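First the structure, then my questions, so here it is.
Naming follows writing order (A, B and C), and every chain is counted from residue 1.
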Amino acid sequence: MENINNNNGMEPILQLKEVSVSYAPGTKAVKDVTTDIYPNTITAIMGPSGCGKSTLLRAINRMHDLYPNIKTTGDILLKGENIFNFDPMEVRRMAGMVFQQPNPFPTMSIYDNVLAGYKLNGIRLDKKEKDEIVEQSLKGVALWNEVKDVMSKRGSFLSGGQQQRLCIARTLALKPEILLMDEPTSALDPISTNKIEELLLELKNQFTIIIVTHNMSQAARISDNSMFMYLGELVEHGNTTQMFTKPKNKRTEEYLTGVFG
Amino acid sequence: MNISNSIRVRKRSNQLVYWMVCLFSFIAMIPLFLILWDVASKGYKNFNLSLFTEVTPSSMDALLANMNGDPIPGGILNGITGSILIVLLAILFSVPLGLFIGIYLSENRERKFAKAVSFLTDLLQGMPSIVIGIIAYAWAVKPLGGYSALAGSVALTIMMLPMIVRSTEETLKMLPHSYKEAGLALGSSYTNVVFRILLPSGFGGIFTGILLAISRVMGETAPLMLTALGASVVNWDVLEPTSAIPLLIWDFYNDPNLVDLVWSSSLLLLIVIFILNWIAKIVARKWKI
Amino acid sequence: MFFAAFIIILLSAGIIFALVSRSTEAFQEYGIIGFIANPEWDPRPATEEYGALSFIIGTIYTAFLALLFCFPFSLAVALFNGEYFKGKKISSVVRSVVDLLAGIPSIVYGLWGFYAVRPLIIDLGLNAQGFGILLSSVVLAIMIIPYASSLSTEFISMVPNNLKEGAYSLGATQIEMIRFISLPTASSGIVASYILALGRALGETMAVTMLIGNTDRIPKGLLDTGNTMASVIANQFGEADGIKLSSLIAIGLLLFIITALINLVAKLIMKRVARA
């Protein structure tokens, strides 16, 4: 993995050390994944369905803690600190997550949706701070001009692509260290997908993004580095261009050329 | 640090609510056990053969027995037979009718008329039992010239009907559409499909609904007070006043000399109701669609 | 089958006809408003006069109090079954217990209230006799817990998992998720289930008749005795005739209208929830 694209020679922001996840005793959905993620990059996790890519992503913000039957082992270091030494709630605030299905909170207005993280965390803000955060976050996802006049409408009024951008804004509002995205465009039309991809390229300047995708061309378009997973194992992790042109592993090559998938 | 401190507070309130929910749920269940314990511990003394074989004693006999320190003579045979008579009649009226209406509603969901019927069924289901008593009084007591088992069964029929309609309708709605199409494709008539294929496939749900409806009306008192009135003898004539177990409980409650019988009759009533519920549960599990 | 369905129409028409035709005497004598707004219920031949107000107030008093008492418990049961222990074995145990609670006949609740709860109220020194609004609403509350909780459980457990995960992913604790996401999302359904439970409480007869003390006047407070619309019918129907019988049936008609309206509101809310 020496060929991982590391923009500016920085320390890794996220380190996975022998991370395994099992849904039932004896079977592992993710097997001993060890790798590093560098700041201000987009990393795409690819692989056939059921390969454990979403499971690995959800381990990073400790979503698995919600389900007592799922066991996560190994170490995950975020900015050098082991996330298992923190509360899951703290970890989730540092590692924001965007889901496959846009899930704005239907009982909240667009405005409140952006601030949902603060509300849920019991953080009180005055009106000025709120307005500032909302405007900043919505501008950050290029949604501000579209919704600034309908702030009090429910989030569910928006189109699918707008909803997903609202969900990203909601995550950005909490200023996370890292952004986890679980197939964020697979429920969207091509135009919305395109907008989100452009957005991610812009967000890269401020955040580190890990995106699970089943869409190889999407990975090729936006990611700096790519991970290929198969049957729960991390088969290959490297510079995206290099991986797409000269995969090191035979299974990666087979997947990328469409032999299976 | 401030953040980790607030996290500790938030986690503590999270825990606190969790335990409150457990505690309050637990408290909500206590009355069931208190009631069961109360009824069983006080009722078992008079829960004997004579409860099933003898009719209600007169207040005088009970008073004498009380004075001599003897157990109260007699039982609730008149109530048991009365309950059987009234409920059987109600089943006879409500089950066929309820099935037909349920089938109609599930087969004609989109029609305006079916929607109106469905709406009225809801209305009937929410009607207080005392109001149903008044209606049965107006329909069957007045015209027939007196209180009767028939009038009581009319009241219970009005109670059971919407429950049976609903359970039949819900069950049939859950059956896959392909059942009906397969039957029709084989060339059998529509009526045949309904009675040979749909009803048998939905048997579990429909039967469960009927059992639950029976167990619900088994303990009804108020409507019977206005219709069947009660009787101190075993009566099988549908046009005569008739007793029922809940009616006897009401009588015993009001008669200080007979109060000892209140618990054994309640115990019997609870046993019958719980057995019906239990069978309903088993049927529902066994004949799951 | 169409004919069978038609019977429901006939039945409903017959119900309304029976109630209306047999209560006209009272309404003609006192006027509709006059009957509803009059708190006097005096059966003495010389001063005979009937009004429903005392019982309407008694009914509303007990039913709302019962709703208030049952609220924390049924909400707890709904959260227990629909969120905290959803799909777990313990939740099906709690469900069965609550179902059994719904199966106990009203008259047995009345007995239990009379012999077990009433002495408690006397021992606490609240009331010499024990009977009254408080006693009946406490027992009513227990009786309606199953109705309020089982429907709210459904609505709480229907809150989509992706919303809950969305809340957790922003760093919420479980209670924060419940408070800001689950409960608001399920709120209309929960409200509808409490309205249905209120309808139950308004029409409940036997237990209330046995516990409320049966006095024909406006209850002055929590510890006072009174009568509800249902309990006065149950208590006095047997020996009534003439204008008194008609007045009792008129109260029945009013009770029918109130419960029908309440059920209608609940059904409308639930239909809206189902469509959303």
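The rule we apply is simple: contacts are C-beta pairs under 8 Å (C-beta built on N, C-alpha and C of every residue); 3 or more make two chains touch, one makes a residue touch a chain.
Here the structure is a predicted model, which is why all the values come from computation and not from measurement.
Shared contact partners of chain B and chain C are A.
Farthest from chain B in terms of Cα centroid separation is A. Chains B-C form the pair joined by the most contacting C-beta pairs.
Chain B and chain C have Cα centroids lying 18 Å from one another.
Inter-chain spacing, taken between the CA centroids of chain A and chain C, is 50 Å.
Note: centroid distance chain A to chain B, computed from Cα atoms, is 55 Å.
In chain B, the positions touching at least two other chains are 10-11. Looking at chain A, one finds that residues 89-90, 121-122 touch two or more other chains. The residues of chain C that reach two or more other chains are 173, 176, listed in rising order. Taken together, the chain B residues at the contact with chain C in this complex read 10-11, 13-14, 17-18, 20-25, 27-29, 31-32, 34-35, 38-39, 97, 100-101, 103-105, 107, 113-114, 116-117, 120-131, 133-135, 137-139, 158, 161, 165, 215-216, 218-222, 225-226, 246, 249-250, 253, 262-263, 266, 269-270, 273-274, 277. The part of chain A that touches chain C in the complex is made up of residues 61, 63, 66, 89-90, 92-93, 96-97, 99, 101, 103, 105-108, 116-117, 119-122, 167, 170-171, 174. Within the complex formed with chain B, the chain A residues making contact are 87, 89-90, 121-122. The residues of chain B lying in touch with chain A in their complex are 3-4, 6-7, 10-11. Residues 1-2, 4-5, 7-9, 11-12, 14-15, 18-19, 21-22, 72-77, 79-80, 84, 94, 97-101, 103-112, 114-116, 142, 145, 149, 173-176, 178, 196, 199, 202-206, 209-210, 230, 233-234, 237-238, 248-249, 252, 255-256, 259-260, 262-264, 267 of chain C touch chain B in their complex.
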